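Next, two complexes with chain A in common: one pairs it with chain B, the other with chain C.
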Partner chain A sequence: MTQQLKLGRVPAGGALLRRISADRPARPVYVALALLVVLGWLVFALDGGTFLGQENIVGIQQRSAALGIVAVGQTLVILAGSLDLSVAYLISLTSLVTAEIMAGADANVPAAVAAALAVSALIGLANGLIVTRLRVHAFIATLGVALVVRGALDARYDGPAGSVPESFQHLGYDRIGPLPVSALLWAAVAACAWLLLSRTRLGYRIYAVGGDAEVARLSGVRTERVVVVAHVLCSVCAGIAGLLLASRLGAGAPTVGTDGGYDLESIAAVVLGGTALAGGRGGVAGTVGGVLLLAVLDSIFNQLEVNSFAKDVVRGVILVAALAIYARGRRTR
Partner chain B sequence: MRRALPIFVVLAGLLVAIAVVNPYFLEPPAFLAFVKRAAPLVILAAGQYFVIVSGEFDLSVGSLVTAEVVIAARLIDGSAEATWPVLALMIAFGLIVGLVNGVVTTLLRVPSFITTLGMLLILSGAVFLWTGGSPRGALSEQFRQLGRGSLGPVPWSVLILAVVAAAAVWATRARFGHTLVAAGDNDRAAALSGVRVARVRTVAFMISGLSAAVAAILLGGFAGVSAQVGKGLEFQAITAVVLGGVALGGGRGSVAAAMAGAFTLEALFTLLNLYGISGALEPAVQGVIIIAAVALGAVRFPRARAAAAS
Partner chain C sequence: MLRMTGIGKSFLGVRVLGGVDLEVSAGEVHAVVGENGAGKSTLMKILAGVHAPDEGTIEIDGRSVAFGHPVEAQRAGVAIIYQELTLLPERTVAENVFLGREPVRRGLVDRAAMETATGELLKSLGEESFGPRDLVRRLSVARQQVVEIAKALSLNARIVVMDEPTAPLADHEVELLYTLVRRLTARGIAVLYVSHRLREIFDLADRITVLKDGARVTTTEASSLDTAGLVRLMVGRELDSYYPPRAADPPGEVLLSVRGGGNARLRDIDLDLRAGEIVGVAGLQGSGRTELAKALFGAEPFTTGEMTPRRPRSVREAIAAGIGLVTEDRKAEGLLLNQRVRDNALLVARATGAPQPRTGVERLLERVRLSPPRPAQEVRLLSGGNQQKVVLAKWMTVAPRVLLFDEPTRGVDVGAKAAIHDLMRELSQDGMAILMISSELPELIGMSDRIVVLRDGRLAGELPAGSTEEAVMSLAAAS
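Showing the complex of A and B:
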């Protein structure tokens, strides 16, 4: 692993984090995360809980897994200079597809997983083609696709449907030692995305297209194909999150994605992690840090029994403050 | 204006289509009722136009509308004397929220997508924190008149809409409008030629905040007090502006076309209702039509523009 790390895009030397992250902007989020962990430890100590206890750490991992997986996918599209607002409805859709096809039988699990991933890949393909071929701004294109998916959901479902066999529910609730399976899944998705971005030709092209599509095109990159692939991967990540949520709920639900606010929240996590909204700069490591930051914040709020509306206020302030700090850093550099 | 033409054709087509199904639609009472229903969205679209043409986004308008209505209901609490001071307060609050959005975006250089997303979270959280989860209080009768009542045959909201539309068109024709479009097209070039980019953009955000306040006044009267009143309005307003041929990314489009875009969206909803495609399938049809409209070239894209220029 260390051998691989040395081959990274970032010159050798510097902190370990810097080497892992393959992008400078990821550092502040880990500094903030460390500070927040210390703060959380203090708060829990004063409040009579144990922050670093197994229960709390497992809780943080479980809460962040679904958002984490979506945010990793969102990182890919944002790096490519696009954006995906359709993930929330897509998560609901895949949770329903999964649960309906499984229908409580173990034998149907592989088919259901395949179907959910296929549906999400198709939606990603639609997003990508609308953005590139029809030249519709990603904001409008994915919003439109989100509306279409929502219409389909509204037309067919009033409430939870389908059911997931017990064997599949292990994905949502089991854990191996202190590590929940869902967190391992998240880690696997993040690792794949990280390898993709820092090791493969496609990864470099994603950065190139997001940085400047015209320059990338003139240097021989098929920019449209790169954007389409990024959208497909993002949607597949949302599909995986849908699978995870279906296994947790034991059924599919038409509101599970929107209730979680996965569309805007995943974008928030990505930019918290230092990835530029305009594309071309950032990485998966920062996103993972951003998601963990939100999760640790949540666990502190829970311990303090803060009203859920106050959480939104604090999140909003943190989001804007973080971006202001990043902007400052970029200007003075 | 040539670029804005398609949306007016589409709007006219939709209105004719509605009139075919419902012949009474084009008679004054029914048509005024339609305009009245569309007024809040049209006003929001006008406000959003200024922000989008300057190259930014305002995602906070929906939650700002909700916040304004909830605050007004709580403060007025049914008393008539409180109506006018609270109206003034709502306008001031809208301007202040816009000012904060603008200052954070321009001076702190936070992307406006994130600034206004943060503002959305802050506003919705703060309002419900304050009201304890469900809106309390009631609007006074005078207040509701603005959204519901009418002066002779013409509803107040239509008059307010006319004033807002005239002011918006005037603002785009004034020097402010030109500098705003210049800033949206190429902020560096605009800054070098003496435009105070940060200032005009901040004013654009304030106009958007103001439009949200006005829309909230109308919606509060029209739809009543609820925590859902502004839900999704930000996306509808942005969609309307884009339907009107205004380029996301800034520098292109006219405010009249943006408002026509909002009317088109509302006419679309009306038509879908008439054909009985209400509720479930409505969003799906809406989504397809939005993508189709934008794709069919109602809009010039920054990308297409760059290609044409080179």
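Showing the complex of A and C:
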């Protein structure tokens, strides 16, 4: 259907939405973020706090960092037309791998970091190969891998294990000036992913495969390899988040990933940022905006002392509303 | 420059091409013409490396080549521009042109080089209305074709295949395409031009190869032929006499009537369908045949004009008014392939809440001559002919007064085809009004009590029963 039916009447606001989202999938989320910051400032002002104070900003950054890193990885697989539901358990797994190998000793830090990243890469490779070679839909493939990891964790652990030396805890808690180290780590991961997507062949191919795998194939792109690499990178991002959380906790924990809800929240952040769940459209900038949006929302909720059930209701409504707005913006072009 | 010799190809035991020769020289526009099903597209796909030929050889510049993958054909200098464009709508022009071959400098994609090169290609094609950084989705179909051609040039293509390039274009855009084709040939590139539209062929082609029923009829200079001569070469065959006899009685009351029907794809449609009559619809691809059926069926409704029964705004309204549609693509639109025959047959009855047939599904399946009539079998396991019979059964449960058929026997074997034809005639004698779209002219002529011809979304004319294929073709392809 190349010749779309002309819509006789563009709904009110359609033109504005169209202008906001035209060719820049990330723009609406930043408009929303800006509005939310203004709202937050008002709420804090009325409530007697300082929204833009250092303490609150640092809080937002720290809360965002782990989710942000996972969501950057999730962006890569979703852009490639896939999906990863195994990130939450993988985070738990890598936090344990890290803390167990470190066993409180400074000397073990490099080995533990390497092992955690290697384990994540392997899980990513498994995800990618199951999706491409066995042709299992990503939803089921990564859910299956998630269950396998969960089973392995439940069999061995029923609580926190291992310990992280004090030197490694700097990653989770230190600041350089007003900037937490964890936020810098997130920024670095996001910058690498941005560079990858917008300036490398691999990035171009991720967009191509997610946009239309057949078009990519007919242009000589090895589509399966691209999907596998995207999965490996996504899992490595989850592994980095696992390192960060181990550093915060001082130990590994079998529930740290699922308690944070990193699987579904990372997907929510990605789509809030304007990346198409079907792939091929979007980018890291939107995801960063999506993560910040969720974090600012959280800090407003905290200030107002909203109970956690109401929080989830509001978050759910925002997510669905955002997607409906994107759908409309696409239709009335 | 290109020589294809003795090309043959079969799909699932059905021979679609046999012993076809084709020679193309540098800088010529070589038209490949033939009726639907003559084998044009298969031949082009073999050249482009999409299908491997069962027999025959391909030589480019005297060197024998064999393509296992479209990319190999690209490297050998063959580019194909499909009817459905193969571009990524969410990426820029430059990113599409260099897809899979992005230039790299110090490990990073060299956007500047890519955009400069694309800009130069566009300029050399005389295209200034858009640039390398524009998103493809924002371009018209005609401009997207320019992007495809730029991509072909960036691959150093020396043979460019265009498959029905003007089908999606508006009239004023066709001229633009002509200019592009001439720019290509001026560079010594050979253009293989596949089209149904005879006017374009005579406007552009230096030589014409005519295919019929998978074999080459002739290759000749375009200047040595006129329209009538070309049509005769394309269709010249005896009318098959395998069709059931026409109704003896004159048609009955008008069951469906449209005056001035129109929507985005159709204009000024006047049409009456009478009880006991089979009306054939002829037209080239893109002439609005399927759109007509979908408009009558409420799937892409008419937005203007009068209709009796009341103009349906949705499929449910059309079904309630007694209109059914046997779709062109039965696998995607007509059947739930992984469900049982029984569930498929009852699909419409259940959806509309109509009473299920008292006589039972088994009787219905016998009536449509499903063989063997096994209601518990999954539909995907049936042959094309049997699948089509299940689609028919699906409609007979609600006893529509008007049944629209879009390519009722496409991909159906000869035996099942005859059964479907018999059944159509039977339904019509029972007082149903039938509209039948077909690109197969013998079928259209053999079955129809009269034929309406569509062209560019309008009625181009009407022909009585027993008209010749030449008459239909010249009405459908005239300009």
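General observations
Simple rule for what comes next: the second predicted complex is superposed on the first by the 310 of 333 C-alpha atoms of A that agree within 3 Å, B and C clash if a C-alpha of one lies under 4 Å from a C-alpha of the other, contacts with A are read in each partner's own complex, and residues count from 1 in each chain.
Basically, a residue touches a chain if its C-beta (ideal position, glycine included) is under 8 Å from a C-beta of that chain, and two chains touch if they have at least 3 such contacts.
This is a predicted model, so every value here is computed, not measured.
Contacts of A:Asp106 after superposition: neither chain B nor chain C is touched.
Taking chain B and chain C in turn and counting the residues of chain A each one touches, the greater count comes from B.
Looking at the shared chain after the overlay, A:Asp259 reaches neither chain B nor chain C. In the superposed model, A:Val313 lies in contact with chain B only, and not with chain C. Shared-chain residue A:Ile267: touches chain B; no touch with chain C.
In the superposition on chain A, A:Val215 makes contact with chain C only, not with chain B.
After overlaying the two complexes on the shared chain, residue contacts for A:Arg201 are found with chain C alone; chain B is out of touch. Comparing which residues of chain A touch chain B with which touch chain C, the overlap comprises 214. Within the complex formed with chain C, the chain A residues making contact are 2-3, 5-6, 23, 195, 199-201, 203-205, 207-208, 211-212, 214-216, 218-221, 280-281, 333.
Residue ranges of chain C in contact with chain A, taken from their complex: 70-71, 74, 86-91, 95, 99-102, 104, 107-109, 111, 135, 137-138, 141, 168, 263-265, 300.
Residue ranges on chain B touching chain A, taken from their complex, read 57, 104, 108-111, 113-115, 117-122, 124-126, 128-129, 133, 235, 238-239, 242, 248-249, 279-288, 290-291, 294-295, 299, 301, 303-304, 306. Taken together, the chain A residues at the contact with chain B in this complex read 130, 134-137, 139-141, 143-148, 150-152, 154-155, 213-214, 264, 267-268, 271, 277-278, 307, 309-317, 319-320, 323-324, 327-328, 330-331.
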